Every structure is written in C-alpha cells, then in structure tokens.
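Next come the structures, one after another.
In the two complexes that follow, chain A is the common piece, with chain B as its partner first and chain C second.
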Partner chain A sequence: MGIQFKQVSYQYQGIKTKYLALDNVSLNIDQQGEFIAIVGHTGSGKSTLVQHMNALLLPTSGELIVFGQKLPPKKNEKINHLRQKVGLVFQFPEYQLFEETIIKDIMFGPKNFKISDEEALIRATNAAHIVGIDDTLFEQSPFRISGGQMRRVAVAGILAMQPDVLVLDEPTRGLDPKGKTELMNIFVNLHEQKNQSIILITHDMDIVSQYAKRVIVLEAGKVVFDGKKEDLFEHENFDSFHLELPTPLKILKHLEKTLNIKYKPFYDFDSLYQHLKEVKL
Partner chain B sequence: MIKIRDLGFSYDGKTETLKNINLDIKSGSWVSILGHNGSGKSTLSKCLVGLLEPESGEIEIDGLLLNEENLSQIRKKIGIVFQNPDNQFVGVTVRHDIAFGLENLCMNPKEMEEKVYTYASLVGMQDFLSKEPHQLSGGQKQRVAIAGALAMEQDILILDEATSMLDPEGTEEIVQLIKRLNKEFKKTIITITHDLSFAADSDELVILKDGEIILQGTPNNVFKEEKLLKSSNLELPFEVKLYTRANKDKTIDPKITEALWEFNSSK
Partner chain C sequence: MNSVMIGQYIPGDSWLHKLDPRIKLLSVVIYLVAIFIVPLKTDITSFIVLGALFLGTLLLTISARISVFKMLKGLKSIIVLLTFTFVIQVFSVKEGTMITAEPIQMSISIASIIAIILIIVVYQLTKRYIKFRVLYFLLAVIAIFYVQAVLPYIEITHYQLEIFDEGLYKSLFIFIRITTIIITTSLLTFTTMTTDLNYGVESLLKPLKIIKVPVDIFAMLLSLTLRYIPTLLIETEKIMKAQASRGVDFNESTLKEKIVQIISLLIPVFVISFNRSEDLANAMEVKGYIIGAKRTKIDQYKMGFNDYLTAVFSIIIISAVIYLKVIG
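The block that comes next holds the complex of A and B.
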C-alpha cells in the first residue's frame, strides 16, 4: 500500500498562463516507518506535491496510487476516504479553527467520515491527549488559547481521523522555540511508538538534520534528490541542491578547517557535544 | 528617545498582561523585545503606537506624552509593521498599498507618486509597483508593508514578528533591510520576536516573561543567562548554546571552545 507516484506531473492552469508545478515525479512512500522531510525553495512544488498525497490535487499526467486507489479516479469513483487515510496539516492550520469549543473542533474531522458522536468524542479526546491538550481546556474557545496551543489543537483535529500517514506543511513555522520542540516531539513519539509514517515540509535544515530519516529535495517541480539524510549531506554535488548545511555540520566543517579535526558528521546537539568531549587534539 | 515608566496593562481588568514596565529606548538604536507566546511583547508594541491604552504608567516619545491629545503627533513619529503579510496588504497593487497612508494625509498626487517610488526603491520593490498581492512572495509583501510605513517618514519603526511567517530567504531580505534602515537611515528600530538568532544583531535585548522584564542588555550578556531565557521559552541559537556549554566544560579542549567562538563571531 502506501503512496506511489509514477511520472506524475501537475500543471496549474490560469486564464492565459500555465505553470508546471510538478515535473515527472516518481517516488514511493511506505505506509509505515517513514520520517521524510521535503525541502526546496519557495515555488519548487513542495506544497503541490503533498496535496497530491490525499488527492486534493490530481495529476494532470502520469499515475498516482494512494492506498491502492489509482488517481485520477475513474468516473463515479469516490476518493473521499483517502483524506482519512492520509491526514494533511496545512501551513498555519490554526487559521482553520472555527468551532465554539476546542473539543468540537477536534471532533469535526472524524464526524465528516460518518462516525458516531460518541466514537468521535473518544477519538478527539485521545488525539487531544497525544498533543498535550488537557481535558480542562476542552470546553474553552479555540480562539482564547496561545498560538502554540492553537497549532496543537489543529494537529489534533487531523490525528482524530486516525490517518495512516501524517503529512505536515511547515508544522513549526512561527512557533516559539519551546513550542517548536514540543510539536516535533509529538511527531517523534507517533513515529517511534506507532511506527507512523511522518512526512513534513520544512525550510529549516536543523529540523531535517535532527529528525528526518529520508529527504526529498525538489527544484522547479523535479525531484533532484531522494534518499537517506546522511547521503544528502555527504553528497558530492551537495552545492548543486542550493541548500544550507545544518548548523552542526557547519560547525564540524569549521573545526576541520581551523583545528584539523577530521570531519565526521553528527546531526544533533547531544551527539555533537559528546563528540567534542571525546576529540583529542 | 522613548521613555516607558511603570507601564501596566490588562485586557480583562483581572490578569495583568504588562506589569510595571520601565524601559528607555535611545534614538537610533535597534532594540529587540523577546519572550514566550503570551508574554506581553505584542501588547507592549500596541501600547507604544497608541493602539491600546495603558491602564497605568506613562509613555513619552521625544518628550511628548502619549495621550489622546498628542496621539496624532505621536503617530507621526512611530510606525508599525505586523506579522501577517496578507492581513496588512490593503491596496489593490503595490503602488496603492504604499500610498495608503499618504492618501490619508491628503497629499497631492504628484508628491505622493514621488514618495511611493522613493520608498519602493529603498526596499527594492520599484519594479513591482503595478503587481497585485497574489503575485508577490511573503517577503516581498512584508517589504511593501515596510515601504508603506517608511513613506510616513516616522523616526521609529516597530516590527512585530514581521519575519515569523516568512521562509529563510524572506527573513534574510527583511533582516538586511532592517540593518540598513538602522545604520544608514538612522531609524530607531524595535523588533518583537522570539527568535534569538534574529535578534542577535540588535544593540539591546529586552526579555519579557508573564508581562515583566526579566532580563535586559547586550546580546552577548543576555546570552549568558541560558536558564532565565529558557524560563521564557526562549532558546539560544544552536551554535551559541554549544559555545556556552563548552566554555564551562573542562573536558572540552579550550582550543575547540576558541574555534566555536570564532565560528559564532564569523556569522
């Protein structure tokens, strides 16, 4: 199962203009165990790519298979259920909150898939607990909590649909550092405890470095790299991807240059710090 | 010069969003106000431009007390740019958007056209004057918002999380612009942010927690207080944190610590 892109292209069609946002993309995403970062400059096609994953956009050419469903679908074929399989959290999802209370807002998703109120409440409660929203907040308005909390409520609304794959478009942008870490830890837990596949778009190479296993690099609608994080940052043509190095690797390169400490990659703070303790000059 | 004395504010009359704030901001300086979500930093910026009326205390700008009587005078001195590039684009095109404030001053069209061009050029948007908002990136929209504020020719500019919705390129565009406005055009800049690496280049940092100032000083001095910063949900930039920890750690070779310092200052 999972998601397969086979030579998928997508063209935005204006009145006088055409714009090829995805150009012949082929890739395979497993149903479980993935932690993928999608990176690339503004306008490289990242958001267009993830909107294909739950059939919000349909390929204008090529074939896409989402959980066994071929896309674009045949006439009269319903594809709504794919939105439950693949949960997509948009950028700044807190702008989509609308209900009177937090718990009603989280229940909205599952209720759309013809689930009883009781079951929706159970799922919503569960999802709220996963993102660290306490029962005492349930009856409050989603507009009277902090920005970080609003973001988590919006994520809970997607989790309550119990998607098989969770896709997030820049989940941490605009949050304060603590909010960022808290949110990323929620995804790490889902990934580690339930082997849930997580796919996220980010511009932050430090997030890629610390959390991702696999990285997909887009440039002008084309996949220019798809592989392990380690292979990306050690790639001989890394410069050709026009990406920044993550901070820990920048520091390690600096230490090699100034102190001749042999470069060996470490991707997060703790492992880099440990390495520096062990280095003998 | 901005003088804030014993400023207090509450939205509901019960919880104090700002408590006893005392702060001087020198003309021509760049001050960053930081703190967790809900620490009161945006409330403070809204008090400074007279969008909110403080419950207690005083604000004085260039010797002028901020009150209803002086408000129109004060607004000629201080401008603000907000967080969301889409919410503050009021014109149909870039040209109209930059002109919006000037139109309210009933300026004659020729003079207005000149000013629009001058300030659009200053932010590098002079070739986009006829573009509509949906044709611009987030960073470009924020530059237009800044041009609109600059066109009012105030000495003080507040940027309230003006980069938090932008991608790294957009952020960098705005950071470079802020530095230029401060250094070349001698504007007093007040940035509200929770990003310490963004604030690291300003002259002074003011850290708020639950409506109170808990820390104030140059970036170098403030960065030494990792625990206090953490209590306001702020985190040192990766490389600063690494240096600070290594500097206290005897098991790490001082040569490495020195190289880390060098790395930080080269940034």
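The block that comes next holds the complex of A and C.
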C-alpha cells in the first residue's frame, strides 16, 4: 500500500511548446510513519509531483500506484475515491472556501464521499477542533474571519475527509511566524498521535530541519536526493542542490569559524542549546 | 483547457506577426466583407473567386509559419456544425438538375438501424487511433447515409433522396465560406498580441471621439478583459483541482450534485476576481493612471512598406470581388 512512483514522467503540452515537468521519477512512500519534505526551486516540479499523488494529474509515461490503484487508470475505472485516501491541501487553500458557514464548508469534503450528514457533522467538528477553530465560529461566514483562520478552516476541510496520507503544498506560505508554528504543530501532532504519513512542500529549511524525517530534493523534474535529512545536510555535494542551510546549522558553522567550537550537527534549537551548554564557552 | 485554439496567440516573427495591427485589423474586416460579397450562385466564377479567397487564407497561414495541419485541426470543434449545414442544404435545395438518374430509395429499416448503430460504435471506438479524424468523421457520416440506401431489409419507413447539383454546389459553397471565415479570424488572433489588437481597435475607433465616445476607456476595458481571460482560466483550473481534492467529481455526478459543484467553483472564482480587480485598480493608480488622461505609448507604430502593400492588396481584392459581382 502507500504510493509508488515507477519511472513516472509528466509533460505539460502547449500549442507549440512541450514542457517536461517530471522526468523519470521513482519513489516509494509508505502509508504510515513518513514525514517527508519536498524541496526544490520554483518550477522544479514539486506541485506537479504532489498532484499525482491523489490522481489530479495522471502520468504521461510510467506507472503510479496509489493505494493499490494503478494510474493512469484503465477505461471506466473510477479514481475519485483516491482523493479521500490522499488528502491534498493546495497552496493558499483559503481560496477554495465557498459555503455560507464555516462548518458547512468543512462538511463539504466528507459529504462528497457519500457520508451521511450526521457523520459528516461529527467529522467536521472533530477536524475543526484539531485545527483550533472554536464552536462559536461554526455558524459564521468563512469570508469574515482572518486569513490565518481561513487557512485553518481549509485544512480542516481536508482533515474531515479523514485521509490516510496528508499532502500539503506550502502550507505555511504567507502566514506570520506564530501562525506558522501553530499550523506546523497541528501536523506534527497528527503525525505523532496517529502515525499518519505527512508529505509537505516547503521552501523553509528550518521547517525541514525541525520536522521532516525524509527529504526529497527535486531539480528540473528529477529527484536528485531522496533520503534522511541528516544525510542531506551532511551530503558532500550539498552545494549542488542550491539549498540553504537551516538556521541551527548556520549558527554551528559560524561558531566553528569564529569561536572554534567543533562542528556537530543539531537540527533544532533545544538540542543546539544543550550542545552549547555542554561545550561550555 | 489547452485544446481551445480559437482566440489564442501563437508567438512568432513572420511578416504577419510584424504587420501593423491597424492594417491587419482593417484587412481582416475587408477580407471578411469580400468573402460575404461573393454571391451564392452556382456559376463557375463564384466558385473560382471563393476558392481563390480560400487558397489565399491558406497561403497566409503558411506565410505566418503556422502549420496548416494544426489550423485545420483547430476547425475540429465546428466540423459537426459544418456537416450539419451541408446535409441540410443537400436535402432541402430542390433546384437545378438532378444528379441521380432517379430518386434514391432511402429506407429506415431494422437492418439499416443496426448498421448505423454499428457504424457509430465502431467510429467511437476507433477514432482515437485515426490521425485524420475529421476525414474519418465525414466518412462515417457518408457511411450512415449509404447503408440507408443499400439495406432495405425489414423496412419500417422510407423516404426519397433527390440530390440536385444546385444543392450540392450551394452546400459546398457554404462549407468553404464558413471555413475561410474561421481561418481568417483565427489567423488574426494567432498572429496578434492582445495589446496590439487593442491598439488597433483603439486607433480605428478614434474618429468616434469626435462624437464624445470615450474610446480610450473602452480600449482599456477591452485590453484588461482580454488580458485576464487566461489568468482567470488558470485560477479556475486551480480551484477545480482544489475542489476535486475535496471529492468533487466533475465528470460523473447527478444534476443536483452538479449544481452544488458549479457553486463551489463559481464563488471562489468570483472572490478571486474581485480581489484581483481591486489589486489591479490600486496598482494602476499607484503607477499614475488617470481615467481619460492623455497617455503616451511605449511602442510607436510606424507604417512600413509591408503595411502599405497589404493595405493596397486588400483594397485590390475587395475591388475585384465587387467588380465581379457587378458584372456577374
């Protein structure tokens, strides 16, 4: 089970132009226990890749298996049910809100998968509580709340479908630092409590170093790195990926240069602090 | 959504791309008028004139370095309409001499109905493997009529098909006329950027300013509208995908579900376009745009040799067509 990419390529087709967005991508994503960050330049095919995971885009060549369903599908095979199993939160998901009230909007997803109104309401309430939307807000219009709250409502709309795998396309983009941390904590909790696989696209290396277990680096549609984050930041060709170092590693490198503290990688601020206490300046 | 050919711009650097937009727009209008002036008659001159105009558009397409094959492929969306008018003409016009020696007995029988269904099924199943799909479609249409003539077994009802040469000529004439018109107008949008097109419209409408028509506002409206069609299409596609991720299935659903789905698409698109238009208005104001104020242009259009030549040619073409109409 899970998601398997087997030499998947995807080509966008214009009138005179063709653009290879994914080039021979092979990946294996487990149903449980994964926390994957997908990084790469804009235009490197990150969004195209995640849109394959819930069959919004179908490979132009190669094969993709999502929860046992082969893609591209045979004729007359329905693929809509895959979108319940793989929940995809788009960039700026607040634009997809449309219902009169917040709770109705969150219920929209489950109801599309033929779940009864009562059950949908229960799921929606749960999802709203997970993202920290109060019961008092339920009957308000989704257009009258702040941008950060709209983002949470939109995420709740996906969570209410109770997907097995959660895929997020730059979930923290455009949020303030506090909103960023809060939203990331929601995903970390989901991951830790339910051991749910989470895949997220990000440009923020601090998020990668703090939360991700596995990192996939894309460049011009090709997977150039796929492995643990520790291996990524210690990779001998790290510069060739054109990525930034996360802040803790930057500090450590700087300290090595200026104070001659021997470099040892730590990926979040707590362990960095502990380390500095140990070496005692 | 990429399959929509009509109205798109295809970048290039042929002489048609470089032509002054005013001249291009004017020439297209003249050309269209010329096509309509050619009388719908069955004499040979009408056909030669129309054929020449048709060949002219094909030559223009080639000279714009747009593949004729692709251009004809773009006509696919109207082929059903074209065939329909063709069939109607053939059936309804009862003038001139009959081509068939006697009326053909067309029978709608069990045998022919089964054959028709078979043809349609085979057509639907095999059409994806056929390169010249339009030709294939026409063949299928001909086959459908052919089996009605040759399979009279277990007859239900029958009718008589009388094909007159006039009907055939007229339908062919209309067929070519519509094709030519569509190719000509497509050629305009294929080779002209919307900004250029907008400039062309603006300067051609300039005389209306004398009677206090706010031409520049209309021109700005037009250019903004044209400019935002692709943007809105992209946004719509994004929202469609986002809602598809929430389980909306735009392909297979009942009518009641479809209504909710369309609402789930419309409201976000409206919200986005309102936001966008507000941002755009602010951005324009920040950059000093004042409605109705005199503006200079970054591109100064200068008429060159090609432009004058084109104008002269257009006038020659329409004069020739009018002359032929008058003497004919």
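Definition applied: the second predicted complex is superposed on the first by the 279 of 281 C-alpha atoms of A that agree within 3 Å, B and C clash if a C-alpha of one lies under 4 Å from a C-alpha of the other, contacts with A are read in each partner's own complex, and residues count from 1 in each chain.
The rule is simple: a residue touches a chain if its C-beta (ideal position, glycine included) is under 8 Å from a C-beta of that chain, and two chains touch if they have at least 3 such contacts.
Here the structure is a predicted model, which is why all the values come from computation and not from measurement.
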item	value
Superposition on chain A - do chain B and chain C clash or fit	clash
First, second, both or neither for A:Met161, with chain B first and chain C second	second
First, second, both or neither for A:Pro248, with chain B first and chain C second	first
Contacts of A:Lys70 with chain B and chain C, given as first, second, both or neither	neither
Partner chain in contact with A:Gln96 - chain B first, chain C second, else both or neither	second
Touched partner set for A:Lys104, first chain B, second chain C, both or neither	neither
Contacts of A:Lys6 with chain B and chain C, given as first, second, both or neither	neither
Touching partner for A:His235 - first (chain B), second (chain C), both, neither	neither
Chain B versus chain C as contact partner of A:Lys222, first or second or both or neither	neither
Shared chain A contacts, counted only where both chain B and chain C touch the same residue	none
In the complex, chain A residues that touch chain B	41-42, 92, 146-148, 173-179, 181, 203-204, 206, 244, 247-248, 250-251, 254-255, 258-259, 261, 269, 272-273, 276-277, 279, 281
Partner chain C, residues of chain A touching it in the complex	13-16, 51, 54, 56, 78, 80, 83-84, 87-90, 93, 95-98, 108-110, 112-113, 143, 157-158, 161
Interface residues, chain C side, partner chain A - complex	2, 5, 8, 10-11, 70, 238-239, 241-249, 252, 263-264, 266-268, 271-272
Touch list for chain B against partner chain A, complex	36-38, 83, 137-138, 161, 164-165, 167-170, 194, 196, 233-235, 237-239, 241-242, 245-246, 249, 251-253, 255-256, 259-260, 262-263
